[in-house]
């Protein structure tokens, strides 16, 4: 029941298409659409994402006539479809008749009907009606030969990221009872003696928000243990919504794979906990800026890593502009192609758009689409999309199912993200994703094939494991990282690692807690400075790179000092250390290091393991590999704005152009151009 | 029943005076006041603006004794009065006994008693009690020979701009039924298929605020159609409050003109829809900064245009400082006189102050007044006010009723303001008033006599019609602008024009929608960039000016290219185009243009129509004309800080000094000096 | 019943210790603690600050067993203790069973259980239960020989600073009745005629917050009189909480001194009104930055002044880092010692920490402590704390009870703070504490021994009285300041002085109101300019210093002009004046003056009175004196980062080192070093 098991024609190429809402348009437009789809090489359409009101006009009335007609039209024009369960937005009658279904926000305000992603995940009526609708859809359309996948809900956690109503309070207390068993255990876990918080009755516990434990915002809480549990609980609550609907589908359709569209580095949901319940991962790629290739590379890797390297889908991207930013620049010429191939390079087997035709009204009416309000196919953006569609057709099934041959891994951990950002007493300017990005960028710039994994994943296959700011420790990951080093590998950690246990209580010993023996250091003090104040990183042969924001003062306990602070009262004290462990090494970086410091740090490590990519010196030229039954494919993605000259690392054929490339040949790659080299 | 019909002495000069609150002071102060008024040439006093609590101490009790005494005193000292209906602030008992009367704000919070402008416009009790009070006042004081005008309510829409309570919800649904007739029509207008919003029952509709369709603030809405209708509804609701009171007055006083004080470019209220219900327009001139002469010129023109050029009143301005800003600088010497004459130059027949004597306490105690807390008449500010009063006396009735002889018009449209600022997907840094101001400033700097009109106004008299960012199109204005060009005139439009219909649904064709044929262009893409990133505007002979924020990529369909973009991937594509239409021209500006680009744009247009003013080259020297039975008056207003030398454009007499000026004579105008030349 | 009456051993030295929460730890840790305390010279521990939930597990159940054990342990290891009443945070059951007890915040939101300082001060149930607990504690532990003091509540006013619930509304109306007697008097005091606010029934009055009189925030109010009264009322309400508990203690323990921990320049509470009810003042010293020595000097002086120069306690400071800032830098080496001795120099007889051992969990887990999570005593921070403890032991009781021999006074006034910051119409960038700090800094830099006093304090002993921005005048302070000048002293005032009476109504005459005759000036206008726009201050011999933010235009009425404005239309008008009064002088500064202008201003004044300290020229070298039965002690505190050389002003012994110093000897003081010279 995974995607790659499928044998139907639609799946024999990189899927191309996207969200299609013909219900907003008269019938005559549908034929225009189909002609444009043919011109653009589009074969896969996602249907019905926000159709609840149409499918169920009132609580006891269903109407599938329009969806029948749409599917009939899609199928008749030879296309496959992804079917949504339509529960991403409530219909007005539901909120009107069952006010409990809407959310109470972090500010404690009860919401009325509006927007989307607008249900309380613990609303009994939502939990009754949403799977009921999903079941009816599965009963009617499940097992359709051109149904590619189920799209359950939509962008779970969108807006505000949760609910703090009394129904959530009830469900939270049930969740806490299951987690802790007793109030004594909960009081201990939350360190409730502090500030007189010892609970004597479960009912005394209320959701932590601005009306209870929080001030200023979601990251400022009096009780980290409570807030951390609520984050977990809320992620689990929405996962249960997903599972409710999936179970209802499975009652009628045992085989069509099911997914929901993730949102990359999205803090509210612990996708690593969700992923096992998705038959394949899909995500919506809306980078916040237009020079985000490094960030997207990480996010693709993260999404691929959720299911241990299985290919994923880009469920949404915009062909032109977004509508939700303050400023919405168009994608420059070539960017759509470049970014689409980047997603394939990192493991995507489908590249889909939001959306096929621009909405006439409401808040996404200016969001880009394959077809604009005039339905033109003679625009730059349509031409670029059609050219990309032609490339996907040309490449066919060669890449499907191919995997990244990574020997390096980066650990990403939602619990450490949450815990390090909700804590008081460190530096609130230090964002967990920024730290992870810095380490990922260092490896990505060096062209290292890389997996982004969770603390629960197997580390056996990796020569290098980098775990930046693994603040919260919830299992034996320290021992498993030691094993990597013991057998000759390298492990790397950074400041603020190993500070708290799964309940966010400090380890009562030296930091980095369970990691201290592995890295051979202890932290005596932790200094913090405002953004902009930096300290130099001095190596044996001089200063290279700088440190900022947090500065741990280490006492080596076995480790060698590789670099020291240049300034302040701790000048000369170690900032980078290396500990020999077995036949391998454990490196520790005691501050927030910049790109130069990290490049210097990784140079000998990558050298030792032979991990450096062939084009590491070429700035903005991304290199990635996928390997499968169709062969080994090297992707050269040029994000720079000037042409670049490189020497081909291997011989083969560029599957985009059919051109033959010989190893050692000089390649001149134009700005935003792409080569996909099937190596001989 | 208009002002200019009046024949009493008070009206035979530019009215001078302002808000007078003797009820805050003991009787002995009243005589001091009268002596100061005489010294300052003040003859008109606005009474009772916030007297509800005094006039009606409880629901069934009225007490007019103090107001009787005040009016008696005012009348006895030979002055006229404007009488307020006293409903601008609720008395405490009303809010206490009828909690429904207070507002629910945009955040959804029910307010208690406090501040002013504090009633829900759809409160049944307010709609009962406010006209009842107005009626009683009219019964008692209506038709008084020295009553100049009725001042209904006060600054409608002040604070927050509206209410979102359940009474408003009820009234909103009635308003929507009247507008749309059926839910099908409403669902179509709001594009409700999007995000599952199809309404099945009117009662499912709730006011759009932060608890329903909005996030972040009033401009971030999931459903533009709903929010746009609520803006219209709220403006209409307050207009109904005004009309309730006006009708109550008219039952007793059929002739005294009635007004309410507008607030210039005030977004919450569509003054163009209100104006027909005012017997004359009045407004409160509190510029946000102290170098705002260009902005005030536009605002005066806008206020004058509300009633097709009829003279208006400045109902309030401060003689010295405001109290409500974060920083409240004093008006520099000469500024009060300069700005007062500027208002007359643009059509004011009355120049009034808030207020006569500084309040002892509460939030306006530091707001400037004719008389300070010490009641001194030997201060700079009193002397300047008295000198101005003397000038008004000297000028007498010469200017009353005189009109601006404009052949150019600028279109200002509340619906486009609302629609362009609540939309997603464009550039949120592009404020509608800033765009309109840029075009107005270009014409104002050139000394063009200019009307600011609505899309409903007749265009017949104009050689030039400029309609910046006319985003929402609600009638046949495109056809009427075409007619201007056909008969030899010039029309000008700018980026984001013609995008949506009256329901904020995109035109399903090329932008600029109904304007596309007139301007001979279509928009292929719309780029947006952050503030500070600019693109040069290249004309045939070089770069002049720049563009920022939004950048439409045009495909000319008949138009000539006058200027192109200098940079980016659309370098060389048109940014300014000119389309020959009949014997006239239609110019289109595809981006947000700076002052230099607009000056260059308008130079040939103004030349062609002979619209350039005589002092266009003299920076900061404003030129304006009023023409009436008293003659043709040219105003030279020098806003600069250095003396300026110019050659007199005509012969005549400076009515402020009595000095004779000959055409061709060199005039040296001191900083902040004013000449009012009655041309021979 | 004051501290200095105590004769037990513990009090015979500067007290050293702090908050101790062994209830968060297993018993075995307690012995480790005691050993570390011995090593660090710690003899005083504050117990039970947040123990309500443990002491009273439910409404009718008390459990003192753990506290018994803790006290037993503390006492057995030879230490004294301060006992808290444990009411600084509610137990969960109290909020759950009596929802009335939690606060309604300024936004009008009812809070649920969470955080600390979380009770409504006017909650009947809190007023019943909190003194009941305090009484039980006093009954059990009062009069214990090693009980040093009672610590009532904790940091009153923490978070949000108040409550706006209906119980507060009821209590507020009672408070208002007591203050005003009649509604007529209240309406007059609040100038209620303005904006129709005349109250006809007490019940019409509601707490002023964002749902009634406020907008934007706590400083933006429509009615200053109401808001000012609410500030007073809320300060009084919390004082009543303190008094409730103190009375309950006194029923069982008549002698142990009682205090609560103040927070320095903390706006919500008028500590000058509280102080008489504390047996000694204590406060928590958490400077917002790490270069705050001048600000701390002022705050120490303010705290000392609350009880007319009696020694005070530093109840809390952090040994290393805080946890509540966005960025939490460690205290640099030497800073802990330097700042601790600074507090002693300004009158502290106790220097205590928050806290003894770092909490394992919740929001203060990273707040610094004597012992870190690992319990190490080999850290830099522990070593510095222990060295300081050794110094305190060495110095013994020499300094106890010694007082500052000040002949200069600075007036600090909570009412002026409130009134000047909640007003409209001045400059919202002008913060009262910043003004006071500027004047204090000028005197502090000159090494002037200085008291910070209230407007109610006796002025007889002072040669110089500086009263910056004494905006609100509530008593005969103007007459008493005149008396200072009459007898040959000097008084200094600054812009915005003498503007309003105790009800925040403007004086109906020339500013500075009752001070006008004393300073011999009147204010004709008050200009305001944005931050960054400055005007030069021109003295007879040239420009020295500058003025910003507010600029009063003075008319001298007897005063001599000492300096004039350099720019703007008021160039040449006085900015600094001096009025001869009796044998003394009254100086007025008409704008917000910078450090250079104030240094210039004070130079002749300090000269005249012989007030300049011996090291006035040495930058960053603080000089302070305490004088008592143990002798006269001169403190030299070097806040600079480079060594400084000075000539010793007197002979004596440095009690920290035992070194002999001779007058005239060159002293080289290292950065952050301290000398405490017992003068011969």
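Think of it as A, B and C in the order they're written, each chain with its own count starting at 1.
Just so we're on the same page, a contact is a pair of C-beta atoms (placed from the backbone, for glycine too) under 8 Å apart; a residue touches a chain by one contact, two chains touch by 3 or more.
From a predicted model like this one, the values you see are computed outputs, not experimental measurements.
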item	value
Graph class of chain-chain contacts, one of line, ring, star, complete, other	complete
Fraction-based call for chain C against chain B, same above half, different below	different
Angle, in degrees to the nearest 5, of the Cα rotation that carries chain A onto chain C	120
Approximate Å spacing (C-alpha centroids) for the pair chain B, chain C	49
Chain C partner contacts - residues on chain A that touch it in the complex	107-108, 190-201, 203-206, 208, 210-215, 221-225, 423-429, 500, 503-511, 522, 524-530, 569
Of chain B, residues touching chain C in the complex	21, 23-24, 50-54, 57-58, 86, 88-93, 95-96, 109-116, 159, 320-324, 326-330, 332-333, 358-367, 373-376, 379-381
